[in-house]
Every structure is written in structure tokens, then in C-alpha cells.
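Next up: the structures, one after another.
What follows is chain A paired twice: with chain B in the first complex and chain C in the second.
Here is the complex of A and B:
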């Protein structure tokens, strides 16, 4: 029995907790965030083994604190954007059936306030946009998390398709990092398919 | 029985992963080819970012103003003693009339975030990013924009120092004991420290010493001294270090 536990533990180490981050090579990538979302990056990215939710996938170039692309792939009605870490004291807002496209930035904002102790988040611009031909919204924002106090900028494109929320965001520190990789993000979201 | 088996196997897997991670972790890195000779450059010692607090039973950070104040004073005194032994001219940062205080503070926070990313994605080999894994270079920066700060004019490098300490509350320590009795590993206390040199012409991080398990209780003069010694271990251009490099 002891040997069986040890072998299972070692197998677990190689397959779950010790899962390595994966290389995203240029070319088509389907089923992003375990959804119908796909993209065709023209350069390399890293996909983090960490998942912040069932339908959430993180891509980065230098680490998620320095540049992070988050794919929210088809979040259904009744579910929050991220996995709730403290349901009792810090519940997250949920996707609702009567949600409008224009509610997407506010959903992200209230999610961040609860999950990351973000005290200040400003939605700076919002404009209509198409996400693979679906009516959506493109918006920019700025915020600082209480834990590291780094001022960050973000940009997102989202749409509600078939009652599910699709949202892709890019976030990085305002100093140096945001501008460094913004063009790569723009080229990436231009290839999004649903 | 089946559930028990799965739970025990999972716990063992987690603890093995944690111990492998701890054993595999590096603590120092520097840009390829970077070296400093004593007496050749001017270094600006940036205002250290120091946070001290308690860790609640649930693991949350609770800032403590008194501890932070104590640590600031003790670390400042220890740094003052240490800076004359670093081999190069080190001066403390002064905002003067530049009005660049908020911008410089942002660079300190950014440095801390970059340093933590180095720990997470470079020092811990098992978690390296595939795009950075192929070449083993140390390629990190806070960006060339730092070169335009007037208050840093005249210096060649900036030395950033950040520490973040969370001392386990009684509840956390009790939880740790009970968890250990149940065979589960629960940590009590967080002691993170970063010391890094940034090239003020390019914004590149050329040397970093960083660890998430630093020693020294920063709330005491002796502990702060130990912490500063640990932070500046292997500092480039330090006479003892330079002699050791030359002797190799």
C-alpha cells in the first residue's frame, strides 16, 4: 500500500502540481481556455500551467506580473470570471443573463476589486468592436493592486455569444512593459476566432 | 479507503514538489559578462521599500506600522554601515527639487515585481518560461526610461532594496502545528528580500540577489544587520568578492 501511494504521488508530481509552463509557438491554437476560442499568434508566447478558473488561460512573455494575456473562454451565466478564493468574505460578481456588452468592463472592475484588492481601477476608454464578427466592446483601463502597488494599464476585447462571455485582456506595468508588448497583443487579438 | 489513498498520495506529491522546488532554487543572478571593479563607478542607493506585518491564521498579510518603522530605522542604519564597504562610491537617493519622487517610487515597486518574477520564472528552474529557457541568459529590465530621471543624474547604477516580512500570528503557528500532526505542510511566516543593481543607461537588471526565505528578524538591530548582510552577499565590486573573482 505504501509503495502504491508513493508511485501515485510521483506520477502526480510529473502530471499535475509540477506541470511545466508550455511554449505557444507561432501558428493556429484552438480550444483556448477550454472553449471554442482560437488564435494564431505570429510570435512565441508562454502558456502558464496555473489556471485562475475553469475557462481561464494565461499567456505571458516575461511572467504574469510583467505582461499577461488572459483568455476568458465562454463564461456561462451564473459563473464568476475567476475562481473564487474566499466565497464567504469576498464573493465575485457573476455573469448574468441580462448582461449587456457595455457591462463587461464593470464586471472586470468589480471582479478585480474583490479578488486582487484593487482600490483604484479606472475604465479609460470604451468603444464598439467586433470579436470575430460578433458585436463586442474594446476598452482600456488602469489600476493598481494593493499587494505590489505597481501602476498597470490594461486593454480588453469582449463579447457575449450564445449567452456566454468571451473576453481577452492584456495587462502590464505602465512603466516600460505595457508599451513594449502592446503591438504583439494587438496582432494576437486580430486573429481571434470563435 | 479509496479517498484516503488519493488524499495521502496527493499530500505526498505536494510536499515532494515543495521540497524539490526549495532545493532547486537559485538565489543570485547577473547579466552575462557583467562585472564591477572597485572604485570605478557611482551607485545610487534607492530608498528601500520595507513592509513588515503579521500573517493571520488564514494566511493573509496584516501590515504593522510599528514593526515597519522599526525595520526601516534598523535597516537604514545597517545599510549606512555597509555602503562604505561595497567597493564603489555609494550615495543615498535624494529627490531634492526634482519632483520625481512618485516616479522613483514606481520604479522601486517595478523593480520588486521584476525581482519576484526572476525568482518565480528563472531561479526556480522547474517553473521557467519556455521562451526564456533555451538560452540561459539573465535578461531582465525595468526599461530605459529610468535614464531620463534627473534625480539619478551622475550615477551609473541604482541599487534597489526591498523586503517584505510577515510574522506568523499565534493562530497561524497553532494551525501549523495541527496541520503537521495531520501530515499537511503549512508555512508560518513570509520573509522575502530583493537587492538588485540596475544599469542607469539601459535600465537592465545587471545583478540580483533575491530570496523568499530570508533570515534575520528585521524588527531588531541584530536581525536587520543580518538581513542587510544577506541581501548584499556577492555584491559586485565588493573588495572581498572582487578578490575572490580575481583569484579564480
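Here is the complex of A and C:
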């Protein structure tokens, strides 16, 4: 009986850990976004309990409106980046097998326009980059969501590995916040492993 | 309230009087007061909200400030409802790729880019602006507000944007869009009738209003088919719809328009000129909405007005490249080349042609196009990524 109570308590703890936001301590973290993706942050982050998709994980420092790192971990061909809110009327574009690296920012843009009513989004620089040794793309962008119209900047690194899309983005208001934490994001993505 | 009573009287006049009187009534517009101030606590509250919303749209990043678009829209409204009536109106053009225009109680009007992309003539634009203005003049938001407070009629407000926004808008968007004013079915009918009178008075073809709705219905069907769904036009107004079913509405508008003088010039050319500087970015936003059927319908509709111009062909190519089946990629390349022949000169054409060819496995041709993009635009922000693709 005591064991049963203990097990129930343990289960309760583990499930509440899944439901609540969690502290990401410095050091290695594996299976990010339920995928092969791992990272070794050198400082503390917070993982949000909210999931925007099956293979999507959100990290933040001060709250996702102020700085948000999104991990898209191995989105397979035929799947959208985010969970579709209204599949019938606002379907999202899907990952396709013959995507070029420049199609990765375009997919993110089209997804944002449908999902978040982002009516202005400019993809700025695009350059080749390696994601743990895999050929990919690094890009910057600027956008405003319709709900708050705050001008945000973003930076992302993505690659298609084994037919799956891996993409990590950082977004923050262009006023003050983006520059404040950009260096932390750069240090974080330098440790990404697949 | 007086305005509503008046509108009711006008409507009753339509129904009961002999045809001759009805025809005379068609030209009689409700009286209006310049520099009107809200009269009671409800109306003042409503105006305060509207003032706040107007401040937001005035300062919004989405407002289209460049060029003369807003001045043009205001001119169209003035031509439609008369100089004296439009004196106190402010018109804001917003870059939102959905079909909508709204006028608030305090006399500010917003017009979304999705509407400007879809209407084909100045007369169609005027029909919608006149309809919105009619809501304003009949003070529908006040009466709607009172209804809503009455709770018994709350049903009329539990609704989707369906009727006015042909792009279906999910719950999330509804809250994002904020205070888009929606009205009950009777109010819509009243505004339709008054809008028709403005049309008839201003010399635009009276059938423009019904044409707008027919086009929207066709687009919605095309959009559904593009998503492999059944066309979903409802041909009668549903219990929860605040807007009359589009079909009913188009039919009634056509019927009422037939009673009015045919009207003259739809001013297609003037509209085309006014919208031309903005067309590429409106098209680009539409193409990125992941609505193949609807976008394709809009393009072919626009091509009937102007023929397949470089801008339209480029957008058509982008649409196919985004869907990216082998057949689409082949068509995309073809349309990019046709756009070039038709005079589209932006270097992004070569880049997107190159990407389309490359994605379709036509490596040599693709590289050639990408090289000419880089040659024309060496300092492009994506030059490094394109160079990487060339090196692959």
C-alpha cells in the first residue's frame, strides 16, 4: 500500500512537471522538442509548458512575448510547423521533401501569416550555415503580429536532416530586448547537437 | 433612434407604396447633421470606444501611409455619398489581406487591402464604402449595442465574420481583429438599400453591389475546392449568421438595383491606376496565405480586368511554386518566363525562377537563372544563401 502511494505521488510529480513551466539549468539537455535535438546552455532558461505543436518546444528568459526560443525538432514531410488551429479554414503549409534551404524561411513566413495573422514580415539576411555539421541556413527577419503590433526581430537556423526539418528561432521585440539576449541565443545554438 | 425610425419608414415606403412613389423615394436620402455629437450615455460610451480604436488604427504599423491611397478612397466615398456628407469622415487603409471595410460610430472608416485587391472597379469599391457609410448614417452600432445589452437578442451577435470576410476567420483571429463592427441581419438589409441609393445618386452602375457578392461567393467556392472540400456556399441565412447569406443578398441587391437607373461609368481605369502602385505587395501577401484555390480565383478575376500583366503572372508563378508539386514547379517556371516577357523587371524574378527550376531538378537552367539574379543584384540580402545553392 505504501508503495502504491509512493508511486502515485511520483507519477503526480512527474506529470505536474510536464504541465508546469520548468527551469532549464545550465548543462546538457537532450530530447528537446521530443526529438534528437540537444543543447547545452551555459545559463538558466525557462521551458514553457505550452506546446505549439507535437515537436515544438519553447524556451524563454523573461516570458515569450519578450524573448522566445522555439525549437522545431524534426518536423517530418507532410506536417506543418505548428499545430493547426483551424485545419479546415486556415490550413498551414507543410514540410515537403524537395525543400531547398531558402524554402525554410519561406515556410516559417507563410506559417506565421496564417497562424498568427502576421501581415507584415520581411525576411532580411539569408546565409548558409551548419546545424551540427548539416548544411542549412541562417536567416534574420522582422515582423509584427496582429494582436499586439509590436515590431519584433527574429533569427533562425534550420536544416533538413534525414527528410526532417530542424529549426531553432529566437524572437524578441526589436526595441531593447532583441539585442539584449541575442548573444545568449548565439551561444545556445552553438551547442546544438543532432 | 430617429435615424432608425426614418430608415424603417423608408423601408415601409418601399414595401407598400405604388411603384412611382417608390422610384421617387429611391433618391430621397435620410437627413444628416454636420459635426454631430453623441447624445446620450450609450452613444457617448460608444464614441469613446470608437475614438480609442481610431487612435490605434491611425498609429498602426499596418496602415498604408505611402502614396495617395487613403486620399483616393476618401474621394471615392465623397463621390458616392456627396461632398457634404463625407466632410467629417476619416478613411484609413490597412494592410490586412482579408475582405473587410468597417465604419465606426465616430465617423472613421477602415478599408483593408484584401478588399482593394478583390474589387475590380471603382463602382464595386463605392458600393461597399456606401454600404458601410449607410451603417454609420443609420447609427447601427448604437442600436446594435442596445440590442446586445438587451441580451434577448444576443443571438444576433454570436457569429463569425463569415459574411463580410470571405477568408474564413477562426476564433483566434476574431479576437485579434478586435472591434470589427458587425451588425444584425435587418441592419444589413437596411444598409444595403441605403447603399444602393447612394450608388444610384452618384452615377455608378447600380448592379455593382450584387456583383461584389457574386464574386465573393465564387471565390469562397474556389477556395474550398482548392482545399479538397465541398463548396460551402449557404444559400439561406443560417440561424446564427448576422449577415444575410451571400446568395440571398446578391439576389436581393440585383433585384433592388433593377428598380434604379442603370447608372454610368464604373471607372475601372481610374481604380486600376490608383491601385497599381500597391498591387504587387497586395498580391504577394495573398499568395502567402496558403489558399491556392482562392488566390487563383482572385488572379484570374483580375486578369479579366487588365489581361495577364507581369505582376499577375509573377504572382501566379509564386502561387504554384509555393504548392510545389512537380506539375506546379513546371507551371511556375513557365509563368515566371511569361511574366518576364510581359514586362516584369524586378530581379527577384530570376531568383524565384532559379529556385523553382532547381527544386524541380532542372539544375543547369536553375543555376543560370540564379547567376543572372546575383549578377543583377550582387548586394542582395540573400546573396550568400543563393551562392551556397549554386555551389551545391
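The rule we apply is simple: the second predicted complex is superposed on the first by the 176 of 194 C-alpha atoms of A that agree within 3 Å, B and C clash if a C-alpha of one lies under 4 Å from a C-alpha of the other, contacts with A are read in each partner's own complex, and residues count from 1 in each chain.
Assume a contact is a pair of C-beta atoms (placed from the backbone, for glycine too) under 8 Å apart; a residue touches a chain by one contact, two chains touch by 3 or more.
Note that the structure is a prediction, hence the values are computed from the model and not measured.
Asks: Please indicate which partner A:124 is in contact with in the superposed arrangement: first for chain B, second for chain C, both, or neither.
Replies: So A:124 only meets chain C here.
Asks: I'd like to know which partner A:114 touches here: chain B for first, chain C for second, both or neither.
Replies: In the superposed model, A:114 contacts chain C only, not chain B.
Asks: Considering only touches as defined above, state whether A:151 meets chain B (first), chain C (second), both or neither.
Replies: In the superposed model, A:151 contacts both chain B and chain C.
Asks: Would you check which partner chain A:88 touches, where first means chain B only, second means chain C only, and both and neither mean what they say?
Replies: It touches chain C, and chain B stays clear.
Asks: Which positions of chain A sit in both the chain B and the chain C interface?
Replies: 147, 149, 151
Asks: If you look only at chain A, which of its residues touch chain B in the complex?
Replies: Per the touch definition, chain A meets chain B at residues 1, 4-6, 8-10, 12-13, 16-18, 20-23, 44-46, 60-63, 65-66, 147-151, 173-177, 180.
Asks: Taking the touch rule as given, give the residues of chain B at its contact with chain A in the complex, in rising order.
Replies: Interface residues on chain B, with respect to chain A: 5-6, 8-10, 12-14, 16-17, 20, 61, 106-107, 109-110, 112-114, 116-117, 120-121, 126-132, 140-145, 203.
Asks: Given the complex with chain A, which residues does chain C contribute to the contact?
Replies: 60-62, 95-97, 168-173, 175-177, 227, 229, 285, 288-290, 322, 324, 355, 358-360, 381-382, 384-389
Asks: So in the complex, which bits of chain A are touching chain C?
Replies: These residues of chain A touch chain C: 85-86, 88-93, 96, 98-103, 106, 109-110, 113-114, 117, 119-120, 123-128, 135, 137, 139, 144-147, 149, 151.
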